[in-house]
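The structure is given below, and queries will be raised subsequently.
Chains: A, B and C, in written order; residue numbering restarts at 1 for each.
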Amino acid sequence: MHKRTFKTASVATLILSTMVLASCASADAGSEAGGDADGTLIVYTNSNGDGRGEWVTAQAKEAGIDIEIVGLGGADLANRIVAEKNNPVGDVVFGLNNMFFETLKDEEAVSAYEPSWSAEVDQESGDPKDGVFWPLVEQAIVTVYDTNKIPAADAPTEVADLWEDSAYEARYEVNTALGQATPQLVLAGLLAPYLDEDGDLGVSDKGWDQVQEYYAHGSPAEEGTDLYARMARGDVDFGVLPSSGITSRDAEYGTTTGVISPADGVPYVTEQIAVIAGTPREAAAEKFIDWFGSAETQGAFAAEFASYPVNEKARAEALPEVVELIESLPKQDIDYALTRENIGSWVEKTELEYLP
Amino acid sequence: MRNSSWRAMLRSPLVVVVLVVLVWFVATFLVLPNATLLISTFFPDGKISFRALEKLVSSERALNSLWHSFALAATLAVTVNVVGIFIVLVTDYFKIRGSRVLWLGYATTLIYGGIVLAAGYNFIYGKYGFITNAVRNVFPDIDPNWFSGYFAVVVVMTLATTTNHMLFLGSSLAKIDYQTIEAARNMGASTWRILWRIVLPALRPMIFAVTVLTFLTGLGALTAPLVLGGTDFQTIAPMILTFSKSSGSRDLAALLAIILGLATIVLLAMMNRVEKSGTYFSVAKVATPLQKQPIRNPVANVLVHVVAYMLFVIYALPVLLIVLFSFLEANAISTGTITWDAFTLANYATVFGTPAVLKPFVVSVVYSALASLIVVLGMLFVARVFQKHRNPMTSLLEYLLHIPWILPTILIALALVMTFDRPNPLIGGQVLTGTTMLLLVAYVIIKIPFTLRLLKAAFASVPESLEDAARILGAGPLFTLRTVLVPLVLPTAAAITALNFNSLLDDYDAAVFLYHPLYEPLGLAIRASTEGENNLDAMSITFVYTVLLMIIMGFTMWLVYGRGGASRRRRRSRPGRPRGGAGAAAVPVPMPVPVPVAAAAVTVAAVPAAVPAAAPGSQP
Amino acid sequence: MIRFENIEVTFGEQVAIPQLNLQVEQGEFFTLLGPSGCGKTTALRTLAGFIEPSAGEIYIDGKAASKLPSEKRSVGMVFQNYALFPSMSVRENIAFGLKVRKTGKVETDRLVDEIAAQVELTPEQLAKNVSELSGGQQQRVAIARALVLKPRILLLDEPLSNLDAKLRVQLREQLKNLQRELGITTVYVTHDQEEALTMSDRIAVFNHGVVEQVGTPEEIYNRSATEFVATFVGATNRLSGEFLQHLRGSGGEFLAAEKSSYLRLEKVGLQPPARGASIRLDGVIADRVYQGSHSTYTIDSNGSRLRALVPENGALPLAPGAKAQLYIDPSSILQY
């Protein structure tokens, strides 16, 4: 090999390696998020929309905590936290529901911490066994309709009427995006009364019949079109919505939302908060939790975003119509630990067999 | 005659270095992460599990969706060719008034896609679309749902994927020897006969290649069926997406992806064979540049003009509509009642009013530019080695580099996070998870197949004797690559860079698991600003972002393709002038002079957005 | 100067050249002639260093060269399609090799101008893009590019095959003159026997990878060593057994009766030769094709249909059907 081939080789190495050597270098920004105990606190959440992320960031800053919000959809966020568990990027996570937090706990991706406000919340809404995650906000997953079109008196009293009564054929929206949190909760709510150890995936045949009927007689959600837009143009009359979305939609579409309140209750989700396991900024994360879950912050948050806080002291600050609505809806009895274990296979079965 | 023995291959230090780095890269970033993930899904307890296969076979819905995906791919292979060839003929072959304007209209699919494209068509022809409304005002009996299901999906996807034909076939057409057409006409052949017997057969290899790409796009169709398919026509990609996000069902996602992947591989093998057959790009003996043909039959002429302009309107309407809608209140869009006072700048105000709205743009531009440059630079060497040395080892590596076309991006991203979340000896004991590098690695990876294919084709169009000439003049392999070969494939490389850049700009699938919290890319920012239970302006804001993206993408395309296309056009607009000097017209010059080579390169390069979309589970 | 010693070239299973031995002298214009696919280009490319022989050795100036990379062999090459770099101007093309050698700019310009003048390229042409030149001009660029590095050997791979007939004849002479002026050892590959005969000092005739004959153009043409050479180089009449029998009976006893026998067209006389022995035979004119300086007659004689090349020097033409006398020197008959 003469001189030029050596040169050739070295230059080639240099250029080709750009694509790879670069990746070996630990980026300075990387170490910022990884190692040190100070620095910006990375807050993972699925509850940053509608300006909530900016609000929390600003309020935290006032309280002396520097945070950076990373907002992702519930399922994506949970997947990301689990995938990163050996080298966590985030420090604290809030907003995911019980089911997702059960998964995180199971994967040991979050670690236990008892916040200063633990006495002010109902332990049952969180993780009463181990105290790993703690409840912040409650929401009901409700079936809504516009009372301007359908008087409350004419509305069905049980959700099951929608698919059992042919009058509602294809008049209610079903969300088929089962990768998302709300449709999963709807499914969990449908199956909850029919749990049966001998049945397929722990559910009796009758339960699966319900699922089949529910999807078979509904009108699948349209990608990119809001439920209320569909109701406004007369496409459907009923649909499922987390309760916190009602107020703004009534304002936007001029509707007066009515809610079906079944005797067995509706599924409730409780948004939780926890420290991500293995974070070097554990102290800062705990400080953030103490601040964010406090009656003062939660009260302000509730006033700002029409939420229903779990923190009993904060509830005083919540909007009266929210409190009224939530308190009028009984909680459906759903075993979230069991649901968490099975929801994956339930979704899979539904996806494979029952979706339209 | 290539001396492709192992010995010859391994003697060149350049090749050895490229191969060593490539093997390391493939092993570290493609094989190891994905194999780990797949093994853990298919062999959950160290034993093979047929669970996924059983589930799949017993699910009527899954089989139906799978069948729909294949049916869609097969249909598109036909329809896209019909429309695509028509478009190419209208813009590049026949004398049509205003063909440049037509070209611009047909090219709109290059700068948008996915949900926005599907929604755009839905707003026009859907149940509440204004065309449907207008027609129903006259004929109330027409089914408002006429534009849905298989038919609608095929129509929209056909229009969305003809861009390949335009850019790919267009300059393939320019390379046809005009003398063959003159000769045929001299023998009394009609316009149609010439087209059918001379022009189209000459384009056949390219038509075949584009058909393969179209087929792949059809297999991976995601948003068009979601928006327009209705309950009767859902494809498999949404199911793959749902399953790959749930750890319990990931085996099903992988299995479905692998089924699509197998089809991809079969087609890929066919594509490789077409390339090897040699007729692909080597038709360089253009003696006379093509001249546009008048359609002599007046009736046919009028008819072709009418159809061409109708298509133009169909192509251009959704784009105009999206721009228009970006200035509309969300309520007006979704309920379909547009009045003058519904116009507003509020959507733009929302987007620009978001704190640090520019940052995601900057982050995405930097990531996309870096990834596009790196992948093109790296693949220049790799494609060169593959093209020059064909043996089992390079073939294997080539197929391995196509893994990103086979597995959904989400699985690739997850595999990367999970593999590099601990010190890995293959990358010098570094941890990549949580660094800004991992997303860059992912972006590079997912752009490899597209880049490799096109660069390989570009290299194939360079006559081998050029290398020999450089070599005998003393140039080393790197010097030859730099001074002789790269300038020839540069138009291709630049266009690939632009296309890669455009498609990475609003990526969501890879970024969602990989992005560094402090550097949020655009795809995430768009999603964040459109998500949320109280965010009713989601669609309008998507439109605003789409308009902004269209501006960036349009600019990039103009930088690379628009200017080149303009100069090509200018050159062709002086048909009487022989290309050579004085005696050149009489002397058939067999040397592939720069005009055809550059044109070939641009053509090849221009296989656009549809190819990345060929990955199962991505757009549109 | 150049010596091929037991060179064997294989492509996979296929043997392109089984065993090649050749010697090219200093300053010689040496042609490799043969039909396409005969291995002549392979031999040239092996000499250039693009193909590595599977056995044997090539000596250049007495030194073993088959392990040397192309650029170390001091050979210049002109390719069939010229292989000009389309992304560079004419000047850049010619200067390419100098740039590789990192020759200074002034020196480069001087050398390029010098060689351009030699191959008759004007300064205006030097500034052009290669695509703007005609075929003949492109060929000159290719030659200039090969010669500017002052190689000891010039390799030409069918450099005229892409040009039209008239230009080809013209460039043939120019090329030969240039070679003579420079005195450079030249190896030339062609399938055109006329080119080979007019330009070469010596010719090697290739067939199926084997050299059938090496010799001067006269030797190749007049004393073709093999049947292949006789039929491939120049036009021949194949003689029938009956015709041969007749010749043997009238003074050509030394001819072998059972061998294939050939006779060049111009060796068939219609007039008695001025000197030398000849045998007279009777024949009938079947056809005449007038070609200006000469005519080609087709004559039936003794069971053979012969063609004869007759100069048009004023004699009255013979019409088809006319009787004719043929005069043949039996020693000019080639037998195999």
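One rule holds for everything that comes next: a residue touches a chain if its C-beta (ideal position, glycine included) is under 8 Å from a C-beta of that chain, and two chains touch if they have at least 3 such contacts.
Owing to the predicted nature of the structure, the values given are computational and were not obtained by experimental measurement.
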Most distant chain from chain B by Cα centroid: C
Chain whose Cα mean lies nearest the overall Cα mean: B
Chain centre separation in whole Å, for chain C relative to chain B (CA means): 51
Between chain A and chain C, centroid-to-centroid distance (C-alpha), Å: 84
Interchain centroid distance [CA atoms averaged], chain A/chain B, Å: 35
Residue numbers of chain B (touch at least two other chains): 476, 479
For chain C, residues contacting two or more additional chains: none
For the chain A and chain B complex, residues of the former touching the latter: 1, 4-9, 11-13, 15-20, 22-27, 29-30, 32-34, 40, 42, 48-50, 52-54, 68, 70-73, 75-76, 79-80, 82-90, 177-179, 220, 222-226, 228-229, 232-233, 235, 241-242, 244-245, 247-249, 252-253, 344-345, 347-348, 351-356
Touch list for chain C against partner chain B, complex: 11, 42, 45, 48-52, 69-71, 75-77, 79-88, 96-97, 99-101, 128-138, 145-146, 149, 162-164, 167
Chain C partner contacts - residues on chain B that touch it in the complex: 1, 3, 8, 463, 465-466, 468-476, 479, 483-484, 487-488, 579-584, 586-595, 597
Chain B residues within the chain A interface of the complex: 12-14, 16-18, 21-22, 24-25, 28-29, 55-56, 58-62, 115, 118-119, 127-128, 223, 226-227, 230-231, 239, 241-243, 245-249, 252, 330-331, 334-336, 355, 374-375, 377-378, 381, 414, 417-418, 421-422, 427-428, 430-438, 440-441, 444, 476-479, 512-513, 516-520, 524, 527-528, 531-536, 538-539, 542
